[in-house]
Each structure stands twice: as C-alpha cells, then as structure tokens.
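Here the chain labels run A, B, C and D in written order, and each chain numbers its own residues starting at 1.
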C-alpha cells in the first residue's frame, strides 16, 4: 500500500502545484474506498497522469487542468451529493465510470442542472458505465461515452464464439443491476441470433458487491455442464469470482468484459491461460508506437500497484483537449459540439465520437492470458494477448442507436 | 342479590414446582374494607398480582363485580374499575407530581390515546387532577419532580395515582411500609377518606393500621387463607394466633 | 444431488462459523445482559490481526496469537469502557458497544486502509481436498470445519468440566447469586467478555482469508449474528448452535435452488415474467436469515430454545 | 392543606413562563430561518442547510422513539426511506399527470411521505413493538436488514441499485415557487422544518405524548392506570415513523433520487448518533445534534479523513461521560452560571474545559499523524505552519504531554468533587 500511495501522492502534488494557475476544474467521481475502491483508484491514477502530462505540455489552450477526486462509494445518491459539491466548487467536467446505476443518476442530475442553470452547464464524460440505454433511449447531449457499450462488447464476444464450435452450453452470471441485466439480455439475444444451437444452461444474477464467497455459484456452474461462462462482473465481484473458480478447480473458459480487473489474473494464476478471456479497447501487449510504450512504462513506474488498464481514460482526456482546442474555448457547450463527430487517431486505431448518440466507436480486442507477453499484469509474468481472430473492427461492433438527441443552441 | 365486588374461586398459582397460592376462595362485598395479613412470603403480593392481572392463575378464577377477569390484561381490568398500588414506590420518577396524577386521570376522562389535542386542553382533566392533588395534600408539591419527593409523599403520590382513575375497587400493597408514626397516621386518614364508598383491599404489616381500618381481615399463610373474619374475631382466633400472631404478638414491622 | 452435497458442506461450515460468533455473544449476553453490538468488530479484528501476524511470521502462529490478542482487547474494553456505563443500564451499554463498532471500523481503516487486504490461506492448505461432481473441495474448508468443531468441544469442556465453567453456568442462571459465593464478579465479567471476543476473533482468523478481509466485514456479519441469537432463543447456547446451523444451511441451500416463485406457486397462475413470479429462491438467499427472524418473532417469540418470551 | 382560593390554573406554568419556554425558542428559530436568505448564502451553504433541515426533522422523529419513548431502534431509516420512496413515485405520477396526481403540488410531497412512513411503521410496529429494551433494538436491526435486502428484489418499487429518480419541477406551483432553483427549495425546507418541529413539540404535550414518557419510565405502572403499554409503544412508533417519512419526503424533493441505501443501517446509525449526541432528554437536543453532525459530516470530511473516527470518539465519550448530550452540557452550563455559586462553577468548568482541550489536542495530533503515516503518501501533518513528522520526538511529546496533563487535571477535579460534601 505504501508504495502505491507514495506515487499517488506525488501525482497529487504535481497536479496541485499547477493549481495556482488552474482554470479548468474537473471532477472525478468514483469509488475510492470499499470493495470497488481499487477500480476507481486505477482509473483515477490514469486521469491524474494524463492531466499532468497535458499540463506539462502547456495545458489546454494555455489553461491548466485541475482534477479532484470525489469518493461516491458506488452509491447513486452519494454521487449526487458529491456531484453537487464538485459543481459548487466550480467543476464543469465530470468523469465517472464505475457503476451504471451511478452513471444513470449523474446523467439525470446533469440534465436537470443544465436545464435549471443555463450558462452554468456541466458535461459528463463516462468512461466505463456501459449500459446501452445511455446512448440510446436515454441519451443526452451532456453525456459522452468513451467505452464501448455492453451490446457492442457482447457483439465482439459473440462474434468470437461464433467460430468456436466446441462451445455448446453457455452459463451467464452477472451482477444484479441494470448493467448486469443488460449484459444477460444482450448475451441471450445475440447468441440466439449468431449461434442458435447453443443452449444457455444458467442465467444467474447476484447482488452487486455483496457476495464474499462465490464457491456455491461456481459449484452450480460446474454441475450445469457449461462449456463457457459469460460474465460482465467487474471490481471485487470479478476478482472473487475468479478466486472461487480457481479454488474449485474449474476449467471452463470465462468470456468476460472485465477480466482485466485488478487481481483476477493473479487469482487464477497459470490456470488463467486460455481460460480467461476479456474484451477491451486495447491491451498493453498490442503492437503500438514507442510513445504508447513509454506511457505504459511511466504509468507502471508511477503506480506499481496497478496496471495500465484504463486506456480510455487517456483517450477521453486527449479528446477533450483536442475538442477544446478545436472550439478555441473550454465552455462545455462549445466543447460538446466540437466533440461530436470528432475522430481521434489513437494508439490502437481511430476513435470516432458518433454525433447522433455521443458513443465512441473504436476497435475491440478479444484477448486471453498468456505467459509469452511484453507486459505482465498484477505484478506477475502473465499478461494479456490477443487471440486469433480476436481483432474486432469498430464497424463490426458498431450498433444502431435509437437516440433522439435534444441539442441546446450552438454558441 | 348483587355480585360481590371481588370474588376469588379456587384460585391457585404455581411457578414451576412452587405452589405460591393454593386454592384460595374469597368474596369481598361492595363497600367493604378488607385487609389481607400474613407472614412474609405468604403470597400476599402474588395474590395482588393475580387479582390485578399481572399474573394469570394456574387454575381458578377471579371475578370483578360478577365479571370474570382472570386472563384479562391488566390495563383492561383497570378500566373495569380496579386499581392498585405497589409495595415499592412505582411512580413516574421523571415527571412532576401533577403530571403523575394527570396520567392517572387521563383514561377515566375519556382521553384515550389521543394525540390530536393538548393534554391541557381538557378542563375536566385539569380539575380532576387538582381535586386528586388536593385530596392527597400534594398541591404544594404539584410541580416538584416525583423523584425528589420525600418518602412519605411518594407513598401518598402512589395512592393518588391509584385513586386518580376513580376505580371503585382499590388494592393497596403495604401503603404505610417504612413510615414513621405521624406519617402513618396521615396515610391512614388518607386511605380512609379515599376509600369512602369504595371497596378497599389492603395488604399491611402494621396491625394498628389493619385493626383501625378493616371491616374484615383474611389471614394468608403459605398460600392458603386460614381465616377470614371481622377484626374482633381474628384477634381471638386460635388458628391465627398459632400460625401468625403467636410468635410476634403484635408485629410492628420496621423498614 | 450435487446441489444437496455442496449446500450441506458449505452450509455446515458457514453455520459453525456463525456459531463461533453467536456463542460468544450469547455467553456475554446471558451473563452480563450486555448485547455486544461490536461483537462482529472483534471478528474483524481477528482477521486483521491474523493478517499482520501471518505476514511477519506464519499463519499457524497467527491462529493462536490473534484470538488471544482480540480477547485482551475485549477485556480492556470491558474493564475501562463497559464497566463505566454499566450503571446507566443495558441500553447505555448497547449504545456504548454501538459506538465502539464505529470506532473499531475507523481505526481499522486508518491502520490497514479502506480497501481489502491480501490475507491469503496458508500454502500448506492450499490444495483441493477431494473432487466431487467435477468440482474440487478446498482443503482449507475442511480445516475450518475441524477448527470449528474443536472450538465447540473446547467450549463444552470449559463449561461442563472446569470450575470456571461451573461458575459461569451458575452466573448464567442466577446472575445475582454468584456475588454471594464470594467470587469476584467484575473479574468474571471481564473474563467472559474477553473469551467471547476471543472466539469471535478466532472465527475472523479462519474466515478472513476465504472471504474478504476488509473494513466492511463487521457490518456484513453483525446483523446475521444478532439474528442467530434471537432465532436460537436469547441466552441459550444450544439454541444458538441450532440456529447457526439452520441459517448456514438455509442460506447455502437457497443459493443452489434456481426455481422461481412462478414455478413453485404455479397453481396460483403467477406469471413467470411478473416481478414476484420472477424472484428465484437463490436470489432470496441474503434475505433468508431476516425473514426467518420475523417469522420466528410472529409465531414463536421465545426462539428455538429460549426459556422465556423475549 | 391548600387554601380554598387556590385552583387548578395556578398549578400550570404561568403564561410568561410558557412563552419563554415554548413560544420564544420557536420564534427565534423562525427569525433565523427568515434571516438566512438575506445573507445571500452560497450554493454550498444552501446544500448544507437543506441537509440540516432534513436531518433535524429525522432526528426529532427518531427521538420521539428513543428519548420520549425509550425505544432504541437501529432501523429507523426504513420509515425515512419508505416515505421518501413513496414520494419519488408520487413525483413521477405528478410528472405523468395521471389521475388526480397531475394537480398535486410537489411542495406538499412530504405529506405523502408522512402517510407512507406512518403506514409502514404501523404494519411493522404491530409485531416489533410487542417487546421493549434491547430485544426491540435487535428486532429493529433485523427488520431493517430484511427491508433493505428485500428492496433489491422489487425493482419497480425500489428501482434496484440505481434507485428511483424524478423531477420536482412538475405539478402546480404553490406560493410562487417553481421548485427548481435551490432558493425555492430553501423555502420548501424552511416550511416543512418548522411544521415538523412545531408538530413534534405539540405531540409531547398531548395525552399520548405524556403516556409515551410514562411508558418509557414505568411500563408496569402504565398498565394500572388503564393503558396498554404495547399499544402506546405502537402508536408512538407509528407517529415517529410518519415523521421520519416526512423527512424522507423532504429528502426526496431535495435530491430527486432515492436508492435502497437510504433504507440501510448506515443512515439508521447516523440518526441514532445525531439524536444521542445532541441529547435525547431534551426536545432541542436532536436539533442541536442534527445541525452539528450534518456540519461535521459535510465540512470536517474536507479537513480530515478521520472525521468518522472523531465522530465515533465523540459518541463513545458522550455515552460514557455525558449521557445527556450536548444539550445537557449547554443547559447544565447555563444553570450553573445562574446558580448560587456561579463563580466557583465557572472556575471548575474552565479548568475542566482546559483539561478536555489538552487531551483533545494530543489526540488530534496523534490521529492526524498516524493517518498520514498509514496512508504512506509521504504527507506530513502541518497545522499552522508547524511540522509533525511521525518519526520526530517532538511530535510524540506534543501527543503524550497534553493527553497526560489533561487526564491528570480531569482526574484531580473528579476526586475533588467526590470529596466535596454532598
């Protein structure tokens, strides 16, 4: 703990030094304690690092970024209290990702705030809450999503499963809230479409962040005779699920959204190879520019407790910078308009911010754990490696949207 | 013929193997002042608890004015017109004397469990409270917190709460225990005045008080009533002498 | 069939764990009248102490030292805290332990951080004991079973066969009499409180590593332990034992049952897509203990083995 | 014996005394409420005031149980939450405009919370109020957990993890308030806080209110004045639940969201702490507690990470040494000043205060230094330009000396008091 936080403190002070001339206040609202604390902190560190790098390079339009973290304990109501605090202290850009229930509450609150306080608008950059509805029926001009949503990720997974003939029975397990329910629904509908012969032998939802021992669930999965498990679990729920799987000697492949969550790989150890799969917008072991490698290594050096995982946090920060420079202003409405339709050339392929629904479109990668990698995770030798046929082009994962967006007047 | 105020029929109570009250039969007529005496541990308090509904009898019945009350919860018995005091002061220590009495008055004046009107809004409650306070000579101490009252006044307050509801059968459990002579005299006067026209059942150790007050005396020994008669007969009853008065000619218990 | 076997195994282990907690709580409650709200906090302390000790030495030393330390903490709390509020009645004592639970959680957060610590099961026991129906059963869980049974026997021996146990038993039934026997009642109280806490600590030592050792573990365990004590009948060790096993089994069986209300109550024509029809027994698992509590209060207020109505 | 001219009216407190004790404080309170907007409070300030308003009503409702009824509940947030949840649904019905709801003003939502909270408490209380004391406390805990975990099963009622949200700017306007901006909400909060305080104060003056205190002190005696203590407890529980629901309604309008966490043990515990720290034997105690603790939770958490530890410490110290809470300390000090030996009293109090402050000083340094050391961020506790590293001897002197000195002073005073003739 002490090593990790020493580096974090250094980052904090680095950002704080620039606070004297800070103009752009940003708020990071996510869990910084409790079972999902590590998830929040891993993303917070990425944002801090990127903000620091942008400030070192002269800031955004010459203005410095000041990022403050707010602990919301993954509780929607607490998030609104923290959001209010953040807005009261002058923040106009909000980052949040852990928990779709929280994101839903923030979208709603930001909509209301912007309606009631014209001239004082706030933008919400969602980097990980992937319930499809946010860029469909409940889309908002004030919300931008930098992560692929559940249907897109599921499209990537099912696209991969399509080619795996030995998978005949699939077990679905997830967290019992809008996100977990969305994952289960997407898995069911997409599997029936792409592989009608697959039987879904279980569809289990467990309470979010409350299960301490997944052994009974794992034993249920094993006795169901499943050939593969699909799960959207994240944070501690992912780590503990894998811990129980390892203890019970499970050898069923896990197709996950967040297998890259802290501790999941080390829980399984060698057993994770070719058994734990994840879908993500990029992994450290992809072929990339030296610049990207340098970023990965700097991150690891600064935050040895964590792995470079939240690539999209860096993308979100950079796209904000590009948009603000394009608009020549840091006014939220101007930045929002500039972001619409913007294409950002990223280390792992282009990222397009689709204008109709504010959903980023990017390449997705299915990867599994391997010992033959450049960068390991969880401070062990094992790391993520893209599987054969695991490069899913942005166009394959792209999903239609039902969004009918209401836009404010252009400044 | 009117039913007796209180009627106990074959009343028994045991706790586990211990038989505390054993087949007690007793009728107390309306308007009678009835005393129950007996050595320590004879079951006098248990008998009171049975009558007032705190305990349910193991067998047998209790009737109040001809209505069966055994098994009825205490508050309902109280509403039927039976009120009791306690051997140890059992008052609302955190309230003032006036508030104590007022609590006792509330139900009889139809205040029920009301929470939509002020407790001071009913003139009848105020007047009755004052009347009871005056009756028990507690007016001067009306606004004193009950816990700060001198012992004798606490006992008076105990009686005040007991009679405040206007019950016509009153059970007093050792009302003068621990009092000095002059205090006892005052208490006896109060009891006499309070029980006029009512039925009084009293447990007492002070024989002076008993023989002064009671119309009839029952002697309870080991859970059984061995005699029930007017004071003059009790004094001469050889059974009573043997069981009770024998060893302590005229027991004057000190606290 | 496999569901039954797994649920039975996990249920018994979890139930015995609950008993390690609830027996201490029962002992303390029936002797001192103190409902120790912070009881689960001592369970948490056990896990954290074991984490520290096993980090610098081995798990096996922690297994013995950590509960003793927790017991000492408990004794100190009794001597310098509880004894002071004793005069203000049981509700004040309950409030004191409630505040104590807060304090312990905050101190743990400061000392060990807000997130879970990496308290692992010892390598020596990190292997599958046997495999049934394709799933292996970890040896550590078998070890837990033995520890719990060992504690059970130890407690039984202490209560029935030793002089101290006789005094405790006497104090249980006649709390006011023990003082007359010439025994030092405050000392007995302190000892009982310490022993109760040490048992909770032992439970923490052996459970912290298969569950999660984090500052929330006390809050999660606390209410269930209270339920066990009420369901078993307040003040009854036998009741606590039965209730512990019952709740452990019910919870684990529930997880294994996929049937939904619509399937169970098919005769009522409940629609499987309706909200009530959609509820599965397995999703009821976390609610089970509390449901049991309310049913017990309505139909049998004295609990399974309680002597009197609460 | 009293003289004949005396009558019952003389026994009640005089009109002047009544005004001083009952009307005046409320008038002062209202004056403060009216004065606040004139200072043009910031958004942060308003946020804080609204939270205080909700907590004042909630803590007073809770104290109806604990202070006046002697019932210790660990699950009172259930009624707060259920009241609030119902208000969220009503808010959404207002938005849809279905049926009569379309013409229901959001301003009066707390009435719905009151009804829902009361109904819920009436149902649950029908079995939980059969017991008193520690058993009641345990049952309240179990019931709260049941409702909390059960809430996740009925998404259409509780909205699952994400809860239920709504928009307060619908329905007819009353008093010219659009209910949008925080300034409008201020008047809404002010109105319901005053209504809540006055109504709950009035309750203590009703027959049931008096009986509730009687039942707390002596349930046995209550039976023999014709009342059923279980029924008294149940009624008090129901009314207390209703007022908790009222506070829930205020919260629903303020945050426009309710999540199942609102039903959990955390808010239940917090309200207990608010009421107890404030002082449960005084009507004003919970108000003081709510204001102080809301302030602490919102402001102190910005100054120190360990604020919950300070909160816990404060609670335990109050349970051990000042069971009448802050109100008890304040009123005790006031009485002492007006007492016969005010000089002596003042001196004693000041010494006592000095002892406490000394101990507090040492304790704060200890906590702050250790929290920074444990975080390992390399940060150092530097109040007022001083420097306290965890490894410097000076730091430990600053910790140990004040604590020992403070303890010695308090001990000395304690002894002196014992030796004083009663």
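Here is the rule we go by: a residue touches a chain if its C-beta (ideal position, glycine included) is under 8 Å from a C-beta of that chain, and two chains touch if they have at least 3 such contacts.
In this text the structure is predicted, and so the values were computed from the model without any measurement.
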| item | value |
| --- | --- |
| Both-way neighbours, i.e. chains that touch chain B and touch chain A | D |
| Contact-richer chain pair [A-C vs B-D] | B-D |
| Farthest chain relative to chain B (centres taken as mean CA coordinates) | A |
| Geometric centre distance via CA averages, chain C-chain A, whole Å | 38 |
| Separation of chain B from chain C, taking each centre as the mean of its C-alpha atoms, in whole Å | 49 |
| Approximate Å spacing (C-alpha centroids) for the pair chain B, chain D | 43 |
| Whole-Å separation of chain centres (CA-atom averages), chain A against chain D | 39 |
| Touching two or more other chains - residue numbers and ranges from chain C | 109, 113, 283, 286 |
| Touching two or more other chains - residues of chain A | 1, 176, 207 |
| Residues of chain D touching at least two other chains | 149, 375 |
| Every chain pair meeting the contact rule | A-C, A-D, B-D, C-D |
| In the complex with chain B, residue positions of chain D that touch it | 1-2, 6-9, 11-13, 202-203, 205-211, 213-214, 217-218, 220-229, 231-232, 235, 239 |
| Touching residues (chain side chain D, partner chain A) in the complex | 42-44, 47, 149, 152, 160-163, 165, 167, 169, 180-181, 255-259, 261-262, 375-379 |
| Residues of chain B touching chain D in the complex | 52-54, 73-76, 78-79, 83-84, 86, 90-95, 98-99, 102-104, 106-108, 111-120, 126-127, 129-130, 133-134, 137, 139-140, 142-143, 161-162, 164-165 |
| Complex contact set, residues of chain A against chain D | 1-3, 5-6, 8-10, 12, 75-78, 80-81, 84-85, 87-89, 99-102, 104-105, 108-109, 112, 116-117, 176-178, 207-208 |
| Partner chain C, residues of chain D touching it in the complex | 70, 72, 74, 127-128, 130-131, 133-135, 137-139, 141-143, 145-146, 149-150, 153-156, 265, 269, 272-273, 276, 306, 308-309, 311-313, 315-316, 319-320, 323, 367, 370-371, 374-375 |
